[in-house]
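The next part holds the structures, each set out as structure tokens.
In the two complexes below, chain A is the common chain; its partner is chain B in one and chain C in the other.
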Partner chain A sequence: MSSELEVGRHALVPKHEVLSKKEVEELLKQYKIHTHQLPLIKSSDPAAKAIGAKPGDVLKITRKSQTAGEAVFYRYVIEG
Partner chain B sequence: MVGVSPDTIKTEVSKLEGEVPESVVHELRGALLRVSKERAITREQIEQIIEGVKQAYTSAIVEPGEAVGTIAAQSIGEPGTQMTLRTFHYAGVAELNVTLGLPRLIEIIDARKTPSAALMTIYLKEKFAKSKEKAREFAHKIELTTVEDVALQTETDLINMVFIITLDRSRMQRKELTPSKIASTIKDTLNTDVGIDGYKLRIKPSTTTLSELRKLATRVRALPLRGVKGITRVVVKMEDDEYVVHTEGSNFLEILSMPEVDQTRTVTNNIHEIEEVLGIEAARNAIVNEAVKTLEEQGLNVDLRHIMLVADMMCASGEVRQVGRHGVSGEKASVLARASFEITTKHLLDACIHGESDKLDGIIENVIAGQPIPLGTGSVELVMRRGGEGGTK
Partner chain C sequence: MMRIPKLIDSIDFCLMSPEDTRKLSVTKIIAADTYDEDGYPIERGLMDTRLGVVDPGLRCRTCGARAGECPGHFGHIELTRPVIHVGYVETIYGCLRATCRNKKCGKILLSEQKLEEFRKQIEDAIKERRKWWEISTQIVRSAAAVEKCPHCGEKQLTIKFEKPTTFIEGKNRLTPSDVRERLENIKEEDLPLLGIDPKVAKPEWMVLTALPVPPVTVRPSITLESGVRSEDDLTHKLVDIIRINQRLAENIEAGAPHLIVEDLWELLQYHVTTYFDNGVSGIPPARHRSGRVLRTLAQRLRGKEGRFRGNLSGKRVDFSARTVVSPDPNISINEIGVPEYVARTLTIPVRVTEHNIEELRNVVRRGTDIYPGSNNVISSEGKRYDLRYADREELANKLEPGFIVERHLKDGDIVLFNRQPSLHRMSIMAHEVRVLPGRTFRLSLSVCPPYNADFDGDEMNVHVPQSEEAQAEASILMRVQEQILSPRFGGPIIGGIQDHITGAYLLTRKGTLLTREQAQQLLASVGKFFDLPKPAKRERGVEYWTGKQIFSMLLPKKLNITFKAKICKNCARCKEEECEIDAYVVIRDGQLQSGVVDARSYKALDRCEILDRIVKDYGTTVAREFLDDVTKLSIAAAVMFGFTTSIDDEDIPPEAKERISEVIEDAKDRVSKLIEVYNAGELEPLPGRSLRETLEMRIMEVLAESRDTAGSIAEKYLGLDNHAVIMARTGARGSMLNLTQMAACVGQQSVRGERLSRGYRKRTLPHYKHEDLGAEARGFISSSYKDGLNPLEFFFHAMGGREGLVDTAVRTAQSGYMQRRLINALQDLRVEYDGTVRDDRGAIIQFKYGEDGVDPARSDNGKAVNVEKIIERVIGG
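Up next, the complex of A and B:
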């Protein structure tokens, strides 16, 4: 009775992308922070799993926001 | 004076992208194009407008060092005093049991594992959403039906040591069940002998003791015959041109994997289920949506940004944490900050045992110590560069 569940298609799930090494560096430089200062996401998180994120990656999350139209958020992938 | 063309407006406005949020750019572009149809706008005017927008936006940004958390707490807290304290029973249109007002808001903020009234809104795929019959059929399919729901009467025959169920004919018809179907389900799941006698089922326990018979009786009564676990009531409603199924009780994963269900829109009010099935970002959105819904329903207008801040904090660690001593507040780095919140002695004692130190870089610690707090203008420190030429920077 099951049809495969595609997490990314649900209206509640914003777009998740894995950032490349270079992009991560730029991001950290821009905000003058370290990766551990970013909000976290578990590697077992369904949305992270769907794009194959591994611990140590930084995800770029493009949220649809009612106030800003589009808002970008970052999360650091941790084991869990 | 000749006005500029719509194309120039578009290119000029799109220069703002990256500087101001997308929604502002979008709104400005729309407004300028609309006005330019009525009267000419000169290039100079456009530049002035764009500059004005930029300034208005930058002056509206929260300043560094602003106590956004305190402001959010006050902004949600004050309207909270006006909310209903009454817990339950709001009939509404769909006769569903809904938790409202302050109790619901507390439930969301506390990140309770199960809401006291779980609800799902199930959207169906187009094929099913347009036809009333198909939507009804689906509703019947998911509603949990136990043996007790289709029984007219149940009795325990102590002389023959059997449990007898008299089935209700009309109820069974509605649920598309037959006595033999029910009997075989009971036989398969409980591994007992079931005799069928018209609309009467006689169930014999494996050992003929009284306690065994009683145990069997309760198990048989609660035995699910069809439906989805957890879904206790189902209501089909017409909403914007399509049939939507509302349920009491929730089982997000199982409902989502049913072929009739629209996987993109179906939601539950159980935030933990959303976190498990769709992830932390979806949970954050769900927290925002649920909180806004609860506040709006009470006629209260809280700025969305406050709620978003709370939701972001609750989800910052990668899982949904409550705002309270087991979550956000309980995981503050400073001992003094934690001790000043709840269970003071425990925190102080634990800190002593572990030899914790407090760097006094938060608000509460500095209030306790009687120093200026690092907030607003207090959050800046002066660092002098020693040596060098002096006076250059």
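Up next, the complex of A and C:
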């Protein structure tokens, strides 16, 4: 058990991506919100760590959904 | 726009210092009495008029207002000796144990380095808005174990805590004064480590030196009819406190022996403790002279009848009624039958206009006792007239636009109807009133499923919305017909039940032919008059109509659906229209062309194909009319054809009985053989199972199979000419399993999914040998319910039955708790217009409701559009 698990490649871990500054701006405008009104994720979260997300980033998470097939979710990265 | 006087940014809960108590106080209370001989409040007594007034006529000496307007003001008692506050003993105990006993030291008994670590942790917790005070439990735990102070080297005696308020160090009892001194000695910078925020609390404030006396408005005295005054429990308790406080002061003054002072001090502590909470363990509860336990501060707040659960989370309301419910097959699902007696008590305020003035005059003239009357009139100036006492004729003539008449409930009024436990939104629905004779609320049988109501004594509540807005809102959003589709599974939760299904089956099955009289009779029972279509058959000059034709008359025109009925046996190859049991339902252009109407068509909580289609394609009004009509038609059909069930519906011929007992005997033999093989050690274990488990599984398999075989033998003789079978197969009531258990064999009883095994050592009952693994010995019941169970079988049956009862009891308790938690967590969430789910801060919980943005109640099998259904509608029509 030497090699580290690649979290992002596991079938149960949905796709996480860091949004660019511009994308974040658009997102906040679309929903008319501030970053603190987004759901949170810790920067120590294995999925966030795997893509190198820093506090202050916004992650886009694309999940499989029972109802919609595919669902998009956003999370604001916080320290921790 | 309403102006917000003050915006609350945050709330701090603090300890009250003795200084706060004195500052808050309008007077020091010194007299243990309440009123003098003349019944006037004693100055500086517990009813001092500076504390506010409750008697009409008196004025408050603090604010000058009369009873009702004066909010009341606090006083205080100066305690002769300090007293521990029961509410904080746990914290006090922690502080005492965690700090150095040396007066000159008083530091937390941990090394400076460790303390620094904890300080850092608390800082972080505050920054992250976590519960920083919870860290103190760890600190106290490790500090309490230290025997020598790391700061001054003082040896630490262990401190014991005796409920409710006693602390013992070594062999010495610590007086509250000692405790207070220790708490004063704690360094301010150590307080956060003990879970105390130094900005809002000092630990010594947990030991009281002044006690606030609540205003009289909090503890009003009541005058009984005999003229005797009766004081509130809190007042009684305060009298006790003042009395002992005074005696203690006198004794100290007189230089009484130490022992007496100690005793009085302890008594004072007892009274103050029970004043706060008369339910603490370790001391007997304080009682009234009559022996009744006093209801003090904590008892007022705690529990189901307490302030929170009894007055804030839920409260008694006006304009409501409660009585037993009973069924009425003739009223609409939208209606509710209200007894006239109730209608005369509940009222709706109606504003007088020039259009309704004459009618309202009559309503006022009839008054409170003659039914469509009224109970109150409110003039334009807001003056209220009670029609029980007023001159009604005069008042009726005085009526003019602008007056308000509180008239009796009448037909068509909107009321909310509710049955507890209100587990989902369909537990409260809006109904239209039908005033009926009798003493019960009447409801349509079709609305039993959403309320989960039956008529074995269930009671339900009615609430009358008063304003026009409330009435409009209730009727648009909450009316029964708007709730036909459940948001839980997207299908009808309101629909036919029981005889509605049976009746529709009897009417629509093959071979039902009706004469003109019969057909007219059925349609008349619906209360509508139709022209009969062309008769299906003419025989010897008599015209006949099929039941399907009659049923079709209630279907909306252009309705097209095809589906398999509940009675369908799921044959390998469906013969569709040629099905010999007529299980293939085809509706074309609103005509039932083949198939029978049963549970699949319109039973509540079932697949409900027809009703579902009608709600979704034709709207709720058409659906409500359809449901009202079909249920009436079905009941009429059941009455016309006659329908009954009895024990002989479970009769099977002797040869069947014989075959069944052969099957069961054979199974028992096979079980014995399996046990023999097992005992001989020759049983082949299943993968991943022990030998014993394998044996159990094989035995269960054999026995289950034998019961099924016995059941299917019985079923051969239970055809669709049998009424019990009609109910089971159409889905009206009961199941084929129920019937075969009655007719053929009850089968294996189980607890936790296993054969019965417990009771006695190595056996279920003393009638069997140890380790008997045979079928009978482990709870297999070969009798049928109809033959009756032998005593051993009966006992096993009770064992299995008990598990079911326990399960339901446990499940309701658990799910009730879960429900409360979920409601509290989710109550502020809502779906915004942009499709997001947000909480009260506007923070996003879900970016699209349900991830697909579909309301399940408006969906078709969970999808926004059902392409198949649309295609069928287009090409079928």
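Simple rule for what comes next: the second predicted complex is superposed on the first by the 80 of 80 C-alpha atoms of A that agree within 3 Å, B and C clash if a C-alpha of one lies under 4 Å from a C-alpha of the other, contacts with A are read in each partner's own complex, and residues count from 1 in each chain.
Assume a contact is a pair of C-beta atoms (placed from the backbone, for glycine too) under 8 Å apart; a residue touches a chain by one contact, two chains touch by 3 or more.
Everything numeric in this text was worked out from a predicted model, so none of it was measured.
Engineer: Looking at the overlay, what does A:16 touch: chain B (first), chain C (second), both, or neither?
Structural biologist: So A:16 only meets chain B here.
Engineer: Who does A:72 touch here: chain B (first), chain C (second), both, or neither?
Structural biologist: second
Engineer: So, does A:37 touch the first partner chain B, the second partner chain C, both, or neither?
Structural biologist: Second partner only.
Engineer: Who touches more of chain A, chain B or chain C?
Structural biologist: B
Engineer: With both complexes superposed on chain A, which partner does A:80 reach: first (chain B), second (chain C), both or neither?
Structural biologist: Both chain B and chain C are touched by A:80.
Engineer: With the touch criterion stated at the top, can you tell me which chain A residues are shared between the chain B interface and the chain C interface?
Structural biologist: Correct list for chain A: 39, 65-68, 71, 73, 80.
Engineer: Help me check something: in the complex, which residues belonging to chain A touch chain B?
Structural biologist: 1-3, 5-7, 9-14, 16, 39-42, 45-48, 61, 63, 65-71, 73, 75, 78, 80
Engineer: Residues of chain C touching chain A in their complex?
Structural biologist: Answer in residue numbers: 128, 834, 836, 838, 841-845, 847-848, 850-854, 862.
Engineer: Across the complex, what residues on chain A touch chain C?
Structural biologist: So the residues of chain A touching chain C come out as 31-33, 36-39, 65-68, 71-74, 80.
Engineer: For chain B, which residues are in contact with chain A within the complex?
Structural biologist: The contact residues of chain B facing chain A are 21-26, 253, 256-259, 263-265, 267, 274, 276-282, 285-286, 304-305, 308, 312, 315-319.
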